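Chain IDs A, B, C and D follow the sequence of writing; residue 1 opens each chain.
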Amino acid sequence: MTESRPAHGKAISIEEYRELLPNMRSVTESNEVASVLTADDYFKVVNKPDTRPAFWKFADVRATLDRLAEEPLREAERRFCTTVNADTGELVGATPFIFIGWQLIHPGEEVPPHRHNSVAIYHILEGSGYTAVQEAGSTWTKYHWEKGDTLACPAWAYHAHYAEGDADTLMYVVQDMPMMAVSRTLFWEEPLGQENIRHMVTGTSPSWSVTRTKDDVDA
Amino acid sequence: MTESRPAHGKAISIEEYRELLPNMRSVTESNEVASVLTADDYFKVVNKPDTRPAFWKFADVRATLDRLAEEPLREAERRFCTTVNADTGELVGATPFIFIGWQLIHPGEEVPPHRHNSVAIYHILEGSGYTAVQEAGSTWTKYHWEKGDTLACPAWAYHAHYAEGDADTLMYVVQDMPMMAVSRTLFWEEPLGQENIRHMVTGTSPSWSVTRTKDDVDA
Amino acid sequence: MTESRPAHGKAISIEEYRELLPNMRSVTESNEVASVLTADDYFKVVNKPDTRPAFWKFADVRATLDRLAEEPLREAERRFCTTVNADTGELVGATPFIFIGWQLIHPGEEVPPHRHNSVAIYHILEGSGYTAVQEAGSTWTKYHWEKGDTLACPAWAYHAHYAEGDADTLMYVVQDMPMMAVSRTLFWEEPLGQENIRHMVTGTSPSWSVTRTKDDVDA
Amino acid sequence: MTESRPAHGKAISIEEYRELLPNMRSVTESNEVASVLTADDYFKVVNKPDTRPAFWKFADVRATLDRLAEEPLREAERRFCTTVNADTGELVGATPFIFIGWQLIHPGEEVPPHRHNSVAIYHILEGSGYTAVQEAGSTWTKYHWEKGDTLACPAWAYHAHYAEGDADTLMYVVQDMPMMAVSRTLFWEEPLGQENIRHMVTGTSPSWSVTRTKDDVDA
């Protein structure tokens, strides 16, 4: 599980594939990751300790948001934090499969268009504005929200958020990202229009990998 | 849930998006799919009747495979059948979340390279040959199998199968396709190299949609 | 998928099992739910139309809650409604796998203790009070919440809610119930202490089945 | 994530609950497992390295089975091994969400009745016999299998296996156990008739916990 293994790459052509085929490495034995466990050994490791309840007072979330509010909204990134139950371990969720995010948007700001195949449910806690969503791959719609409204954005639908008015917008965001990430089925496109910069599993975009710049990706 | 709604489309550029933004339709009321159910109404519909056990005698699977064996192996399609428990309803699985496939390959045939973000586990029931798999987006390896071997292909890894020897190859294939399809998170790339021909949710490739030709897709 | 098939029953003893064994029906052919689909037929049905975005204005949710607020809080049932995207079909979720609930509790009321193996995340939109949760099968804790707080309740942990103060409590509730229900893995114990009254798949409790009384269950 | 936290316990009565309620510990601050991560910190940890393909030659599986074949079939346990891709980490699966098991049964042996809410798909590689399954909580059926047959056993249905004839039975078993275990939604009842001995999350049965005897559980 080293971090140095490469991310899934770009699509290749059938011609490129035909060139690769005769020169591939051949494996005729069980390979290095193929283990065989007896029942006794398996039940010891598949067995997960229970997670304890997790309780977040809003003041602690607000403190983190206040800190983020001082920072610029980086190009392809959101000003948000997430509340994680430490007992979920590798899954890093509020529960094993569910992500809870708190997204702050200053009036006049845009959270740029992007998409992912985790779903996203936005509940508006404070503020007003709209979200532009591409519907099933064709037409786009602006959903105008205010406090109390909820918008469910389907998997892989482009979306962007726009805060309006005088006060900050605060969204309570629900996703199934932990389930998607741990099953290695997660896709991410951001910034929009760079389809090959897809952050499945290990990302290659500035926003997702957070340690890379767009120049790194373009290189 | 009409079938006529379009599939998720190609990636768009930020410039295209900027042109679309001022002209989008605005929605300020709950929309047509947004329903609100009371607890009483909800529990009646979320409640699923249990699935009965499903039992497939091999003779019935073999009869379908024998029929498929007479047909040509179409360009971007496999010669396989799947055993489905009718009680899984919309999920169309052997169990609600798991797909079981039976794949027949004549000696000398190639199941062309493709990828999907459902995982695939291949158990060799009969025959011998190899599977070429792209590992984590970089190097390719040929795994040489014979009866009794199992190969687990990760989500979104390119793979292709090659039957060798004198006898047919028969693979027992396990996927989590029903879970991926019903959650609308499934991606498919086939034929290889046509990254924008992606069959997420409703497919646009000849193989996946089965009712379309490559010309339809290219058009 | 008839509704008349029975729910999973009570545990049986090994002695009862030994009596049943010699008299069981024998099946030697593929059974009635075991179908075999070719690739062509399968891809037509596993293919799911995309879900459209769903947008709920709070006024519509509030109107349903206002109606429920007039009703008594029934013994083993909650005063809540759920926002469902009609495009999720059989899954009946805000998204295919995620449930969003809106729970109203009048000051002084108790939502009685119960448990289920769907997780529950409670975000407090209005009001104050506490939730009693059993931690990992042993000690109980009262989590005292007010507006803005979030509590993540693990799968199968007992929990009960208590509204305090002068104003109604309104909770925004996130669960993975649609995923659990459609995969037939959902368990429910309510009212507490009636372990055999377990609503897996098709429920047998007054609250879950909504069409049964406790007397029906006890009979 | 210490191993010492207790498993989910037995059902309690409403009277027991009423006694506990006034004496529970009160929490008014964010608790010890409640963390808040910024986007930057979150994307670094939710990001999972890809899993490599895993390839098991049958000879390696057979070697483990041969070893198990010498041992007695313990009371509430199966003589099986599982093929695990080491890259799946905490999930301990052939793929992140799917378990593959190889179950060996000598002629005349019984794998005793039990149930779990992971599904199980049995493909018969060698041998003949039958599986007794309780259908949807009521009637029981014996499914008589031989080489090539497949039986899909629903979640939480009781089942037991019986090998007949002169040769060993070998089953290829598919389950969604890794997904169920990591999401802490897994239930297990074994031996049958001891409903409170339920191995959810951390088990309390001799078979599941593998380190406990039935006397430990009864104590």
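Following the convention adopted for this analysis, a contact is a pair of C-beta atoms (placed from the backbone, for glycine too) under 8 Å apart; a residue touches a chain by one contact, two chains touch by 3 or more.
Note that the structure is predicted; figures quoted are calculated from it, not measured.
Using the average of C-alpha coordinates as each chain's centre, A ends up farthest from chain D.
In summary, the pair chain A and chain C forms a contact in which both copies contribute largely the same residue numbers, shared numbers making up over half of all those used. The distance from the centre of chain A to the centre of chain B, each centre being the mean of the chain's C-alpha atoms, comes to 23 Å.
Chain B and chain C have centres, each the mean of its CA atoms, that are 30 Å apart. Spacing of chain A relative to chain D, judged by their CA centroids, is 30 angstrom.
In chain A, the residues touching two or more other chains are 5, 7-8, 27-28, 31, 49-57, 61, 83, 85, 96-97, 119, 136-137, 141, 143, 154-155, 157, 176, 183-184, 201. Taken as a contact graph, the chains are fully connected, with every chain touching every other chain. Remark: chain B residues 1-3, 5, 7-8, 27-40, 42-57, 60-61, 64, 67-68, 77-87, 89-92, 96-97, 99, 177-179, 181-184, 201-203, 207-211 touch chain C in the complex. Interface residues of chain D, counted against chain C in their complex, comprise 5-17, 20-21, 24-28, 31, 112-113, 117-119, 130, 132, 134, 136-144, 154-158, 160, 176, 180, 183-185, 187, 189, 191-196, 200-201. Remark: chain A residues 49-59, 61-62, 83, 85, 94-98, 100, 119, 121, 123, 125, 133, 135-137, 141, 143, 145-155, 157, 172, 174, 176 touch chain C in the complex.
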